[in-house]
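Listed next: structures, encoded as structure tokens.
The two complexes that follow have chain A in common; it is paired with chain B in the first and with chain C in the second.
After this line comes the complex of A and B, so read on.
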């Protein structure tokens, strides 16, 4: 790792160091966790906030975008009830049957969460803040692995400042019948920074669906940094699904890091429609043969929203399969970014990797930046990528209008059809319907 | 019922319709024939309201109203239906969802009550059966992967569901084998009624054996060059369009 020493710090960059200094004594964790934090903040101090001259951040200049650093959100007893969920996520999503875990300022609100249900189902579960005080070996291993990745500033800052989140382990062979729904809700009153780390560990042959939804109570400007690490033992399966519908003042930084064992399957699905600036990173590393991943989703953006989806799939071992499909609907002056990197190591023969990003531009001033990167060191592989951007097809629009659909309804139907292709990755009908409903709501037309 | 007077229309700056006059009384079926490039399809698009077709002169009156002043969806609500020569494929929209959205949009615009789900399904089932359309086909995305015949039958299904007053069939016979042609023609004939008029656009006489018109008009260079009874179609079948400026046929 090449740690260049930063010459100059912006005010916000310095404010992050100050935030750490001010908070460090109160941050949860034992001595080993404190060491991780210390090392992470040093990494950050060396790198600063990523900017456009850093290749992975070419289209999303975080240093330019972040002017102020609000204080860490304190645990709040802000009232949260069913109406808050519906306002934040829409009715269909809020009512999805699941083991619900509600996090406010990163802290688990036990009175709103079905922790007992999870434990009864055989899941090892705890609030991260408590578990960091004497972390079990599996948790420490996950934290160490995330820190070892080193030069990702987003993750380094998260390690330094994480105050909340959950740690969840599925023992060998356990199949969860209901999804786990981690609901992150913040921003009731004052602006604040929220750093959460979720750690998911799936034992051999275990399987579960884990939903994460991000919403805002009220409208206060939240800066969110949320990292989830997923460790999949052989033959396990995790379907990891996200809805981000935060208020327009929000800065949303999110990284999912998955390590996938032999014959295991990690599928990620994300829909982003909120926040002023969102950066969604998903990185998947294949550690064992015959594993697979499908990473798909959609971005719906308007106004001046900026939404960046950056995927990295590392084929380190032979015979693994990766699929990526993202659909972006961009209106007004919004900007959508898709970066997809597929790295195939020399030994990773029989790799099968495909990537596709497609943007539908609804205005002249919307912008789509797409950057596929294929680094292939093996010689017996099938890899492909594609990117398209276009406008609504006027001939299709005319066909629908000639059948009596008013223009707005015809447009909405075509946009939904475009986005809907990404939703095919969801095999759970209730979840698929919930996403169709939130996207229909975004389009301003009621769902069927 | 439909009255077209001195219609001039341009596409991409080129004049295609050049003073077309045509009147179709209620209950009648009129056929428009003519060589390629005579303006047959342009007429159908102008009547349905496609954007890039610019009307520069003339008028179209439908049931006493100015059709040209209406948006495409308003025309559909007013009872104008165009069966497309090339029906559009729309991945991601289930045919059934599309049918239901269209029918309910038109019913709403006409001040009628929207169908309930069971009523709608029953109606579709009945009409689909007559057109030999499998319900499984209607669960597929609109026209995606449909054969030529399936697409055209789907157009006629939409026509019967939307209950139009003016049915415009644009080369509905193209790409159909004889069995499919018969099914489509039977579907169209079932819709003939004293309250409805039809405009059947075709290059070949063959369709008119099955859908027998009251009047036949020959289009040439953007205007009606000749009109007559059904026998005119037979005559054209023998002589071709050489007299009407079709160079391909003349050569």
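After this line comes the complex of A and C, so read on.
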């Protein structure tokens, strides 16, 4: 069956087209950006919202999940201060030392951001909305590359409707001492949609840690579509970290697309604990030899939350290494999805790829769906994946209780240990502690 | 890289003569006219003298099939099949069913001799003393030719005959179980099979009986442009045990032959069914021309508590394999097993795996899949393990390993794991690698030729699965693996 031509449109699918029509004149960008938007919305119009018959969305039916399309959130000057950060991300995170950039509805709130600090450190930085009006070559190249991915509806919609975000370029050889913290805080009294695009470009030999956090202001639900493209030149390194702690009404769609040059290193780490429905995509393509990636993270879900993590690593060139480790803790009626695909192209010999997903189900009604995929066309490779699903080991629990720990505490300890394994990927101590603190808070045990 | 070129050359060399079952037999056959219509369905049904209910069942399937679309999700590529350009029924010409072997066309018997399938019971008996007896049902194109050891089986109460015979002699059993595991609405090929199935084997093992010998069916496609649609139905009543083996070969022809079979297994309380397949359909020539399209639906239903179904498959043939022997673990404490060796060489495409659907309490399953890809082939494992809400303490262990020989082939793993129950414990692991240079060097230094070394290492790689095969087929399979991989190393 040819699924590329849509048979009928749901109300929400039509509403998205209407939203584009209504907003297109006000969307930022010059003629070349407008062309990209136009072709992206055509891609969307042909495909519609992904549903379970689309293999990559088998376990997350967006067409069924999205009933209404709220209007684009307008830039607001709503007061955002320290308490808002703390409420959204917890104390440890709010206080993390970093070059902070606060984005509300995609717009950079300069009064809360350390843009000057970034520029002083040598980073080329700009708000996307302004830069789209006359995009420099490197920005246009990133936008073009993201559009070339073709049939990814999530990215197509983002291209069509992106209103803001940041563009950030590290010049050759620059090593940033402090992490960059991109804080996305959104929400108003009425529901709204937010489409943001961040563009990270690392010059040869440059390195930085970029932290993105997503949180909610106000009460009404937000539909978020956030895409970050990362382009790594030879010998560069980016550690890309995400905390998603949005309000429970949120629909959170996020894609990271990384293109990794020779000898470069791209590490991604994500913790998802908020939103009614979250889809986290990370796709990494190796473009140069001897590059490496480590993608890891954790999903903590309860209630009726649905959290989908979909990873694709494309080994297009020889001698690259990829590691993936994801841990899911699922309580109540929550549903965790993990899809991981490692593709090794014909001549990508000496590829080393490993992937692991593990789920801990805390309640009878939680659900875990996993699809770890290997697609291999080269013979001199070592690739493997594993997936496990189970509940708390009664023997371990018994051991801890025999040592005098109350059951609740023993459970929390075991869950923390389970999740903790993924946190080992964080080599920055302050960031590691901040994640330990938010996860401990989720588990209901006080942070130490 | 000269080594690679050499490999490519060698792969090209594996010509058709490596496929030793590639002969065709000149036998007059009766065919239905080409194409598919309600009339053809009626023709097949009438030809077999079927009762009204079965004709209606076929027609319902046919009408359903007309509304269905061919599945395209598998990782296989082939030109569109023209379903109107096939013969849906072909049978060796004979007026009545043969009363004894003497009446069977001697040409046909010679065919089976060439295949090494003993159809004469005395020959089997005259074999090595103490050699286990195997009852054989031979299916040639669309019809069952002969079934051996019927009497001895009947003494034990086991019914082993062709399904068209069973329709006449045991209609109540056929009516009760046919389509109860793979319903006519199941999928494109299963529905097609339901409409036009020609013959196949029927086994019923009554309560508490341990079938005294291995049962075996031997499938052979001979006629040109013919689709083979056989239907196998095996029922193990309470506490029964049966081990069943099927083998398949086809002559070499330039055009592709379609094989769309359906196998249904039903295991009632405490019963056990062991189903082994050695599939060696013609894989096509070195350029990928010809070969059998093997689109098969196999499913077992562990209907009773503590029942067990075990699938073992050795897939070396077919141009395209699309096959997922599955277990529905409905009974509490039931168990499903899947052991598979899939070898692809030349331009073969294999998309195979299993489904373990845990519905009952304390059900367990085990999947061991070994895929070996060589030449220009693609070898995909696709599997589903799911635990239903009520499947408390479901347990699964899956291990699928792939081995790549040569750099022009592909090995893929697509497992789906769905746990809807917290007490379900699922473990899945998969690896892909090539034969390590160290292992190869070691064997070579011990004086083995490279091909012998590869065959040895591959046999070691698949050992876990080989051990699951009935004794007498193990040795044969080891040889088959050697033949399938011939020419894959330079």
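Criterion: the second predicted complex is superposed on the first by the 444 of 448 C-alpha atoms of A that agree within 3 Å, B and C clash if a C-alpha of one lies under 4 Å from a C-alpha of the other, contacts with A are read in each partner's own complex, and residues count from 1 in each chain.
Simple rule for what comes next: a contact is a pair of C-beta atoms (placed from the backbone, for glycine too) under 8 Å apart; a residue touches a chain by one contact, two chains touch by 3 or more.
Being a predicted model, the structure only gives us computed values, none of them experimental.
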Combined model on chain A: chain C and chain B, fit or clash: fit
Chain B or chain C, by number of chain A residues touched: C
Chain B versus chain C as contact partner of A:178, first or second or both or neither: neither
Chain B versus chain C as contact partner of A:323, first or second or both or neither: neither
Which of chain B and chain C A:384 touches, first, second, both or neither: second
Touched partner set for A:367, first chain B, second chain C, both or neither: second
Partner chain(s) touched by A:375 [first = chain B, second = chain C, both, neither]: second
Smallest separation in angstrom, by C-alpha atoms, between chain B and chain C in the superposition: 16
Interface residues of chain A shared between complexes with chain B and chain C: none
Chain C to chain A touching residues, read off their complex: 69, 72-73, 389, 402, 404-434
Touch list for chain A against partner chain B, complex: 394-396, 398-407, 409-410, 413-414, 416-421, 448
Footprint of chain C on chain A - complex, ascending: 1, 55, 58, 346-347, 349, 359, 361-391
Chain A partner contacts - residues on chain B that touch it in the complex: 48-51, 71-73, 75-77, 81-82, 84, 87-88, 90-93, 97-98, 100-103, 105-106, 109, 141, 158, 162
